[in-house]
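When the chains are written out, they are named A, B, C and D in that same order, and each has its own residue count from 1.
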Amino acid sequence: MAYKDEKLHEEKVFKDPVHRYVHVRDRVIWDLIGTKEFQRLRRIKQLGTSNLTFHGAEHSRFNHSLGVYEIVRRILINFADRSNWNKEERLLCLCAALLHDLGHGPFSHSFEKVFKLDHEDYTKAIILGDTEVNQVLLRVGPEFPQKVADVINKTYKDKLVVSLISSQIDADRMDYLQRDAYFTGVSYGHFDMERILRVMRPYEDQVVIKESGMHAVEDYIMSRYQMYWQVYFHPVTRSAEVILTKILHRVKALYEDGYTFKMEPTHFISFFEEKVSLDDYIRLDEAVVYYYFQMWAEEDDLLLRDLAYRFINRKLFKYVEFNPNLQMKEWMELYQLFNKIGLDPDYYLVVDSSSDLPYDFYRPGEEEERLPIHLLLPNRELRELSRQSDIVEAISGKKRTDHKLYYPRDVILQLSDDRPEKKRIFEILYQSE
Amino acid sequence: MAYKDEKLHEEKVFKDPVHRYVHVRDRVIWDLIGTKEFQRLRRIKQLGTSNLTFHGAEHSRFNHSLGVYEIVRRILINFADRSNWNKEERLLCLCAALLHDLGHGPFSHSFEKVFKLDHEDYTKAIILGDTEVNQVLLRVGPEFPQKVADVINKTYKDKLVVSLISSQIDADRMDYLQRDAYFTGVSYGHFDMERILRVMRPYEDQVVIKESGMHAVEDYIMSRYQMYWQVYFHPVTRSAEVILTKILHRVKALYEDGYTFKMEPTHFISFFEEKVSLDDYIRLDEAVVYYYFQMWAEEDDLLLRDLAYRFINRKLFKYVEFNPNLQMKEWMELYQLFNKIGLDPDYYLVVDSSSDLPYDFYRPGEEEERLPIHLLLPNRELRELSRQSDIVEAISGKKRTDHKLYYPRDVILQLSDDRPEKKRIFEILYQSE
Amino acid sequence: MAYKDEKLHEEKVFKDPVHRYVHVRDRVIWDLIGTKEFQRLRRIKQLGTSNLTFHGAEHSRFNHSLGVYEIVRRILINFADRSNWNKEERLLCLCAALLHDLGHGPFSHSFEKVFKLDHEDYTKAIILGDTEVNQVLLRVGPEFPQKVADVINKTYKDKLVVSLISSQIDADRMDYLQRDAYFTGVSYGHFDMERILRVMRPYEDQVVIKESGMHAVEDYIMSRYQMYWQVYFHPVTRSAEVILTKILHRVKALYEDGYTFKMEPTHFISFFEEKVSLDDYIRLDEAVVYYYFQMWAEEDDLLLRDLAYRFINRKLFKYVEFNPNLQMKEWMELYQLFNKIGLDPDYYLVVDSSSDLPYDFYRPGEEEERLPIHLLLPNRELRELSRQSDIVEAISGKKRTDHKLYYPRDVILQLSDDRPEKKRIFEILYQSE
Amino acid sequence: MAYKDEKLHEEKVFKDPVHRYVHVRDRVIWDLIGTKEFQRLRRIKQLGTSNLTFHGAEHSRFNHSLGVYEIVRRILINFADRSNWNKEERLLCLCAALLHDLGHGPFSHSFEKVFKLDHEDYTKAIILGDTEVNQVLLRVGPEFPQKVADVINKTYKDKLVVSLISSQIDADRMDYLQRDAYFTGVSYGHFDMERILRVMRPYEDQVVIKESGMHAVEDYIMSRYQMYWQVYFHPVTRSAEVILTKILHRVKALYEDGYTFKMEPTHFISFFEEKVSLDDYIRLDEAVVYYYFQMWAEEDDLLLRDLAYRFINRKLFKYVEFNPNLQMKEWMELYQLFNKIGLDPDYYLVVDSSSDLPYDFYRPGEEEERLPIHLLLPNRELRELSRQSDIVEAISGKKRTDHKLYYPRDVILQLSDDRPEKKRIFEILYQSE
């Protein structure tokens, strides 16, 4: 039997708290899960620094990747007999679902920003490079790795396949909303996925939703909205991320200045030099990062030492609402005050902004444009969701942005009350609230 | 106001997936949570290698410690107005609950076995030594750290206090059963804790259970039984633990032989020499262990390299039922066969045994003797649980033991079919099943 | 000890699927639950005809009333030590919560419409009349029954007390949303009540919400919105209600025409004559209604017989979207067509309209005006919810209305295809969709 | 297309709180659900008087019947491709599952005892008689109704089919344990049904369980044990059942004595005379029973009046532990004392006994003998469950019996303290506890 059609002698299941069980019957999927590149995802948390806010959020990307695979598997059972669906794409969809986050490193967001990386490039590189994953995919067919990479990259010709993995209501989002809600324990994040799966229909080049399922989709969109603002953009999580980013900046600056580290930062050097090989990238998991952070908390450089110590021991920055565009003068004054009291403002006075678009009818030409969700009416016509749903219309296209200013309140508080800077700093910060 | 009575200006809560919310109002508790020794528990998984079997089981000891604290807090609300209860012990109970696992290191079970450590000693050492935790406790009173250590050590004079933290139905067990069930996703581990808390009564030197709550306790005991055999003693988890233990053995042996490591195992040296200082102990979190394992997977020593590679990439040993006491002859033959094919049987042929006593009426003189559970009858007399409950009587005192033999099936399979050892090894292994 | 302060020797609990346990410690509450007027609520379904759509929705008003009591009990534990809260009102609040729905009869909505009743009048009448409930309340104090009635009637002087029971975020709504979601099994209806209770604050004449709890309130409002449209206004439920209403109309008309019933409708006569005594009202529970409906399904009057048969055996009307205001001509044509085919359009061609306002900032002068929800800002000022929440603003004050036309499709289908009326009726109905 | 193969144009679903959704695609099933005999199950509670103890337990047999159907449907999806399974039996299994409780009347247990009925006879009668259900089944084939009746009656030739519906681990039990747990809200009743379904295998003349699923089955058996003692045999529920039974006895006795009822008990006469036709039986739903009970609470006969009043208004009997076999003398004394104080002991002094066998390895020759559960070992042999599971062995075959004595404590309490009978009665009752 061809490898691509090979079934396990007996179905394997993974006990999953979110989907009850993840079922694997294809040999290819089983083999992919066993590769070291996929196992590496166990050592990378799905939510980066969120566990410092929600202590339950310690789950890994391995966890989530299996979940996305399982959702796609269930969708395809429903699609199996539909005329619009090409059964030949089944294994491709499953592999793309399983591997879509393969290139994530630890704390991707911060690492990508500081070292100018893109995890999507590494996903592609792992799939196409000299890896165990690539070897498994090659056994399916010589062009199969490229196809998987194309689906994840959204360049695959069959857009219907792409839309299962990346759209405004794809398996990726449906898994992470439920999973992150489960592990954080928040009560948002519930929606009736079983119903959504049942009303999904393959339709030309996209997955659409039967109109009767509109309310389940509304619920999903509200869920997403709440999860973004309550969990993903939680200000305490962002505080940890701010510190993390500053550690990376500092350590890079020190390297560039020729600073002598107590322990050579071997794993990081190619990152500093922005020439990261696939091997270097794969070796840098979360354990390695934590190991270095622990080392750096004992470095001689006081700035690096303080920041690393803060991150490891969760001595985070506090925050106030602050929009530097509107509060230019205050910003400049604070900047100078921080310099005066010996706190480098480039590291200790940090504005972080988050923004999200809960649902988008259409954003042509924008960077991350995603197709809107379409409802399938009884007459077989399509209608864009926000034209049918009052609630979605109400929030659609409305970008919400939140600016916060992070700073080490503990340090300011320890200043002598005699120092006028102390009083002035708090004046500016508190009036801004 | 005395520090011990100080309340936070506003109650703080932690969102907890198991208990919904963990509530903190005491300044002392809040300060303890903020210490670096307590924050370190975030970097140690509650269930060691279980996440290699149940991918959801990635939660930390930090997570569990908050849970135990919360349960004790709720018990004490119910106790507050009872005549048998000494309100002065409240803060002591809460601190002991929060800190009871403070001395756990990564993969405690294996580390303790190989390096002859005891995490309870380190819990005590952290509480009494020169640590942030000690400083917080000292502010309550000069003898307070010792009291907390005594409660955790079960030597505190008021045994009622001790029994909240360590008994056959204590806050520790009630938290971990529910928490581990939640994160693994198994359907065992449910019992009606709210009811158990409501029927708990302080009674002389122990916590007892009103008779009307007997069935909830039965359910808890069955839960515990199932969790032990379905989760904690899962053979795949034990396979990972077997490998982990062998890595530690190997690396210690290499060190003792004067082997030159590519990277000096600085963090481990005091472990090899069995002179582990408090500082050394605290620095060794799970990230550090993973970091070294990654390094060791590239060492020259083929044995260490193979074992570390297996652990990191989850290429585990397979297992068969095997009781070396009953199968002495087979065991000796296998041992020789492994030597013949070049697999050191001390590392690659490992028997692991698990055993558990689901409930114990009384085990006088035994090492870990725990008081039986007592029911409080309407006439105010006590009756030991197994004398009242048919189900508990049926399983009580019955120790169940399970022996498994672990070995690298992949290696044996790759042997040439010509080699008679291959055939013979499988013959012995399979007939033993 | 005064009756009002009397505590049960031991707390009683009711196992409740929604709130886990309902706790009763006050003798007064215990006695009220035991009255026959309160027990009668067991024989009246909370959701009337909804169980014909959602088969799980068979729970009674007894069920819900205990739930509202429990929520108020929990709120008051949080209020107990707050300066704005008058502890003397505790028992009053609990009684009002428990008894707020006491005057509900079976299928209230339809009965009230046809027989021009108001369940709130009967709640008052039961509390103040010669009943077991009244006797219990009188033992608290001579003016206590009137006070309880006033709170439920929203005329009580202390509006803070009133707002616990009736506001846009009161214990009544919080219970029924969760309870109805639980019993129907829908995935809407979840919100973090524990958090809402924790951020509720007594503030002058209303209960307000600490700003930090805004998102939990948003979630509650979205929940409410979804429950209304997905559950309460479900078109199949309304079909059953339409038939029920028509049965009552028919039977009343027959009575007024001097029709001779096979079995005298004793329980209904005072309803027909619109002189319903308290006793008559109380006797008419859901079992009695079903008993008569079963009888009427065997009456000689074909219309009554058919409608009763349909209700009992769930042979419901079908529906199409239809707005008679916009489709006046079609409506008139249908009316005549129905007459022609011998279906009395007053009974068999029924428009039903539902409308809801998901949240209302302020509706001065309107019939059912309810205070908006106010957030309590850190500076102790209040801000109306929709001014702070984007989502609530988006849906606030937007009344949504839905019109449906109900008719017996089975009858039309059975007409001979030769009849031009058949074809024309379906033409009109289907084009309107 | 043959009726038996006809599929609905579009799958219909019922929202179910226990199984999420119940799916119907077969026209036959859809038509059966629509029959009036099946709809009648909506008017009969699944748990009779349990809602007087657990207020959530108001769910109907309609509810449960859909659930059993759904479980069988899911089992058959797993069986579909197995060689031991005859696909032709699929529709038969589904119909038998759906209809297995069709003959239940209100409060079956009491009615069957007093009027010497057997609901299984009526199930058969409805399936084979002149009913809507029969008409639907006949359309499948002339022998189909008989086959369905045979499966339910356990006389069908293919015992594998029978064992899906009636065995020690059948769809009936799996549904009611979970459903009754859900609606009562108790924490017992959870087990991993999804896993059990996955390890079920058709094997010759029975359904067996793959050995790897043994622990899930253990959990199910413990669940069942707890549900019996915590819910089904709850002493308060039994108190209501005792009263109910006595009402039926009394009313029958009055009828036989020629008593003149205020309202002729038309619906009951054939019951009194033990000549109940199918029509009479079907008409007697729970609403009718409640209607009469309300009437009887106003009868002249004081005994009937009191009992009916107690049932309607939940003024139940209290109870003590009492075994008349062991306490013969006390029993006789109580009997005489009750007579002395004017309480007819045949109605007011009632012993009720419950007993259950949690799991049975084999009870040859007994009335309700059910096959034991068999595990399927890897070598394809079978082993009876209790020989493999320690826990099941511990409880298997152990019948537990509980005797309680019910009496109207309120009446005894109201006796004057001067009466020696009062004191003596309480002496006997309390010492027996």
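Heads up, the rule we're going with is that a residue touches a chain if its C-beta (ideal position, glycine included) is under 8 Å from a C-beta of that chain, and two chains touch if they have at least 3 such contacts.
The chain list, named the UniProt way, goes like this: A, B, C, D = HD domain-containing protein.
On a predicted model such as this, the values are computed, not experimentally measured, just so you know.
The chain with its Cα centroid farthest from the Cα centroid of chain D is A.
The contact pattern of B-D recurs in A-C, the pair among A-D, C-D or A-C where over half of the contact pairs coincide by residue number.
Rounded to whole angstrom, the centroid-to-centroid distance between chain A and chain B, based on C-alpha atoms, equals 32 Å. Taking the mean of the C-alpha atoms as each chain's centre, chain B and chain C sit 51 Å apart. Chain geometry summary: the mean Cα position of chain A and that of chain C are 44 Å apart.
Counting partner chains per residue, chain D shows two or more touched chains at residues 20, 186, 195. Partner chain D is touched in their complex by these residues of chain B: 186-188, 190-192, 195, 215-216, 218-219, 222, 225-226, 229-230, 378, 390-391, 394-395, 398, 400, 433. Interface residues of chain C, counted against chain D in their complex, comprise 14-18, 20, 34, 36, 39, 42-43, 51-52, 54-56, 58-60, 62-63, 66, 182-186, 283, 285-291, 294, 312-315. By the touch criterion stated above, chain A contacts chain D in their complex at residues 13, 20-21, 194-195, 198.
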